[in-house]
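The same subunit A turns up in both complexes below, where it pairs with subunit B and then with subunit C.
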Partner chain A sequence: MMTPHKNQGGDSAALSIRSLVKRYGSVVATDGVSLDVSAGEFMSLLGPSGSGKTTLLMLLAGFEVADGGEIRMRDRDISRVPPNKRDIGMVFQRYALFPHMSVAQNVAFPLRMRGVAKADREARVRAALETVELTGYLDRMPAQLSGGQQQRVALARAIVFEPGILLMDEPLGALDRKLRKHMQVELKELQGRLGATVIYVTHDQEEALAMSDRVAIINAGRIEQLATPRELYDAPASAFVGDFIGEINLFDAKVEELESGGIKLASGFGPLTGTPVPGATFSRGQKVHVGIRPERIAVRAGAASDGWQAGIRQTIFNGSNVTVYATMQDGQELRATVAPNDREASLARGEAISLSAAPRDVFVFPAGAA
Partner chain B sequence: MPDALGTRAFRIAFAACCALILFYLLLPTLLVFPISLGGDPYIRFPPRNLTLDWYGAYFNDPEWRAATFFSLKIALLTAVFSTAIGTAASIAMARGSFPGRRLLGVIVLAPLITPHVVVALALYFQFAPLGLVGTTAGFVAAHCVLAVPYVVLMTSAALAGVDPSLEMAALNCGASRWRALWEVTLPLILPGVAAGALFAFLTSFDETVVSFFISGVDNKTITRKIFEDVDFNLTPVIAAVSVVFVLVTVALMVAVNLTQRGMKRG
Partner chain C sequence: MSMRGGLSRSTAALMALPLAALMIAAFVWPLVAFLSVSLFDPGFTLEHYARLFATELYLEVLGETILTALIVTAVTLLLGYPIAWMMAKLRGRWAWIVAACVLIPLWTPVLVRSYAWIIILQRRGVLNTTLASLGIVDQPLTLLYTFGAVVLAMTHVLMPFMILPIQSSLRAIPEELPRAARGLGASHLRVFTSVILPLSLPGVMAGCLMVFIIALGFYITPALVGGPRTLMISTLITQQAFELLNWPFAASISTVLLVLTLGIAIVFRRLLNVDRLSLHA
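And now, the complex of A and B:
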């Protein structure tokens, strides 16, 4: 249905955002965001509530007008185009189906607004409903449908007019966990089948990682990092991203020495060697944030001489792994995960352990930026 | 169980009290029903020699008929215009963002709390030099001032129940603002609009004070005519007129109630 558009200009971006700014009084909700979305890409805007991701979505859909910057779709600047003249389909948070119209009328609405002939309209409504695998409900009213079915109708209404871009505003937020997981897989498959360019807004990091080709982490109106899910996890660009994506131990340390193999650091519980995040420069004596994923910390029973000495505070069984809560020498706590069958998983409170982590797994972030 | 019995006795006593209060409130209105059937050519209670002649007198009297039709015409026009104005105003206040939005809300609702006699005097002084006294246009304009607040109240309540994202969805689907309003917002608030229109009709039809001030010799409303006849020509015709009047009002109130029930269901 949606075919990736060939761009004469050479760049294959379906959507380009350049230095977009939106202010509400003294609050800068969108603070100079630049972003390229390729045709056929599934991109998530992920951020905590209040981060500005919804404002960005409103700017893209045209419900808000930017104070500065550009939104280009193909070769056209659409930042001043009214919402009904943009070639963008949208799935709203609570679906926003028209309650006084049947399923067929809801899905036909965008076609009717575009003056598509009646016979053509019916065929396309059927095709769109088939695409979302919801047939036989043409005459039902939205109130007679389950949440998952309403979701499908909303999706059909957003794709029926074959928009260049599909926006989704937390479309699975209202569904229960099991259905949400199921719909994630389905949505992703559907997107691949249609070759649709999707911009997906969510605050659920698991969802973003599971579905996206790339994820833009939004914080305080800016893009904190734009990368593939794997990159975000393995190489977070900031302590915020590290903390927001997955589990991480974050603590303060001081730079002792800069070496080619890594940065030697002093922390409250002992020396360690870490890898600086790209683009940051460090100097001796500087205070830094350090992040280590729990599963990258090796736990050994007993007081080995080459690790950080610690004591077991608690072990928590999670099913596929066991989280070890360790109290370090300076009193702070680190989490590490071990396999359930490891000897370390069954240690008792107070027993001595030693922890270690490879330098490449110790992320060194500049201090200050939370 | 004595407890349950006690509660039950209390409930019956409470219901009886309420019924008595309601009866007391309704009694003056109900009295016109028997009086309108009295055979004597003057108001008398209890009535003697029951007759329906006074209803015949009402329907055959050209002056009463003219006043009735005039009232109905004014009420209908008032309903049409105040519904259009009031609905537009509440949409602007609910969805628009312009300076003075809250002030507009206060101004629109002000006629509700201003004494009618003040409004009436003010309108009279405005209308007299413009030649609007005693004209249909004058009546409709005056009654719209009083009816628009009711329309605004009813339609605002209906609008509050419509998710703004529905209108955004309509725009996103390619509808212009007008079409979004016409195809999505208005159908959803229709029960509120209908209730507002009925209220506007009633407001105009029942209105007495303003009508008293701006009625002319020929164009007078039924309420003004009742007032005049009470002064100069007090016969049971007035009771008959009142009965018809009360019945029309009750019928419209029932209609309002039904549309609101529809609103809750929808």
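And now, the complex of A and C:
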């Protein structure tokens, strides 16, 4: 039914954006964004509030006009094409269902606007509602539906005309946590089934990691990093990304020596060896940011000679693991996670421990860029 | 309506009591007393109603009044909708300016506004002198004391009653609805016809009803601007009551006007089922 969603052009970009800029007065909401989305890809835009996610989506949908740059869809420049001619489906955070139209009329709306004949229209509305598992709700008014159902109607309305790209701005933001989890799975499944190209805005990192093929981390109108969820976690390109995705210990250090195996660093609590992020160059004596994920820090009871000496400040049980809050020699605090059954999980406050981390798990970021 | 503030039903009723008492004493009671004059003279009689419906002149005036009210309603709607739309759209300083232009006339007495129209429309009035000095007309036009003048002046007086309810229902439409419609393929025109217009209908209905009903009973403006030849039903009532001192007959015409007004209000609500259209159905 919804075949035009299917990946048609091999690995050709369904959408490419070049140096897109949007200013609101002195605020640069989109600051030179370039991006390629492949057909059939699920891409998330993830970033803190006010970072420019919605603005980027509005530019793509054509509700805002860019001050510079270019948007191409399947090799057609659509930068100046009005929103009703863009072949883009959009799901809004608050669904934006038309309250005076029934479910069927809502879903039929984009078809009616495109002059699709009535018989064909009805069949396609039915098919779209079937896709989102809402058959039998044709004549309901939006006010008679639950949040999750409204969300599905909005989705059906956005896919019924088989647009080249689906944009979603926090489509699950208004749902409670449990329903949100459920809808994440459904949405992802549906996207796979349709082969739809999706650009998905969220500020929920878990959601972005769970659903996306790739995630663009947006900060202050710019893409900090565009990568698979795995890469974002294992190799954050900046301290910002490291901090934004998952848990991380961030602290300052100074470059002592550059070696082929890694950078030797001096920190307030002792020497350590780390791996520079790709693309950054460092020199001896430079101040840097260092990031280590809590689960990559090894904790040993007692004062071993080869680790960083520390004392237990607190241990907190999280269910699947235990977080150890360690006070380092210089007074700063690092978090490490250990398995609940480890001996280290049951250490008392003030007991001596030593921490260590493998060089590949110690990320070295340029200072000041966070 | 649910009770929000935690007031009990009886407390609320108690608080409404003074106003209810005032309404009954100052409005309902005189009205009933006045209307009963039309039926008891001194014994029960339908004589006055019989006379009303048997006299062609009175029926003609009634018809004319309804027609005038309809035309005025249509004109205020056509002119008022775009203004309401503008008011709903504008932000900042211009919003204030337009709102002031709509509201200031509302705070100006009807008498003043009607006299203003006389000054503009009379033979040697502002409009005629301007047209003459521009060489557009040789002879002054007869503008005052015409049906057109009545419609024009009534439209002006009643405009805010049309604009304000439409404006408020337009404002209640969430911004993302027209945006969504546009994104789903609607041209600007179709965004208007399939989303904005239907969602503003409750305001349109309220405005039309209000303007129509007020227009039905309009007195000062038609009397001043329309001159002696324009007879509206309210002029007729005044004539009977104060010039001919025929109170029972005046009361019977008033009753017909009241019943007509109520009837129209009810039919309006039934036919268009305003509640179904509202945003929070």
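Here is the rule we use: the second predicted complex is superposed on the first by the 359 of 370 C-alpha atoms of A that agree within 3 Å, B and C clash if a C-alpha of one lies under 4 Å from a C-alpha of the other, contacts with A are read in each partner's own complex, and residues count from 1 in each chain.
Basically, contacts are C-beta pairs under 8 Å (C-beta built on N, C-alpha and C of every residue); 3 or more make two chains touch, one makes a residue touch a chain.
These numbers were taken from a predicted model, which means no experiment stands behind them.
When both complexes are superposed on subunit A, subunit B and subunit C occupy overlapping space and clash. Looking at the shared chain after the overlay, A:Gly274 reaches neither subunit B nor subunit C. Once chain A of one complex is fitted onto chain A of the other, the partner contacts of A:Pro236 are absent, as it touches neither subunit B nor subunit C. Once the two complexes are overlaid on the shared chain, A:Gly47 sits clear of subunit B and of subunit C alike.
Judged by the touch definition given at the top, the superposed model places A:Met141 against subunit C, while subunit B stays out of reach. According to the touch criterion, the shared surface of subunit A, contacted by subunit B in one complex and subunit C in the other, consists of residues 61-63, 82-85, 88-90, 92, 94, 96, 98-100, 109-110, 113-114, 157-158, 161.
Every residue of subunit A that touches subunit B in the complex is listed here, in rising order: 61-63, 82-85, 88-90, 92-94, 96-100, 109-110, 113-114, 157-158, 161.
Against subunit C, the residues of subunit A that register as touching in their complex are 61-63, 82-86, 88-90, 92, 94, 96, 98-100, 109-110, 113-114, 141, 143, 157-158, 161.
Listing the residues of subunit B that touch subunit A in their complex gives 163, 165-166, 168-177, 179-180, 183-184, 187-188, 266.
The residues of subunit C lying in touch with subunit A in their complex are 174, 176-177, 179-187, 190, 194-195, 198-199, 277, 279-281.
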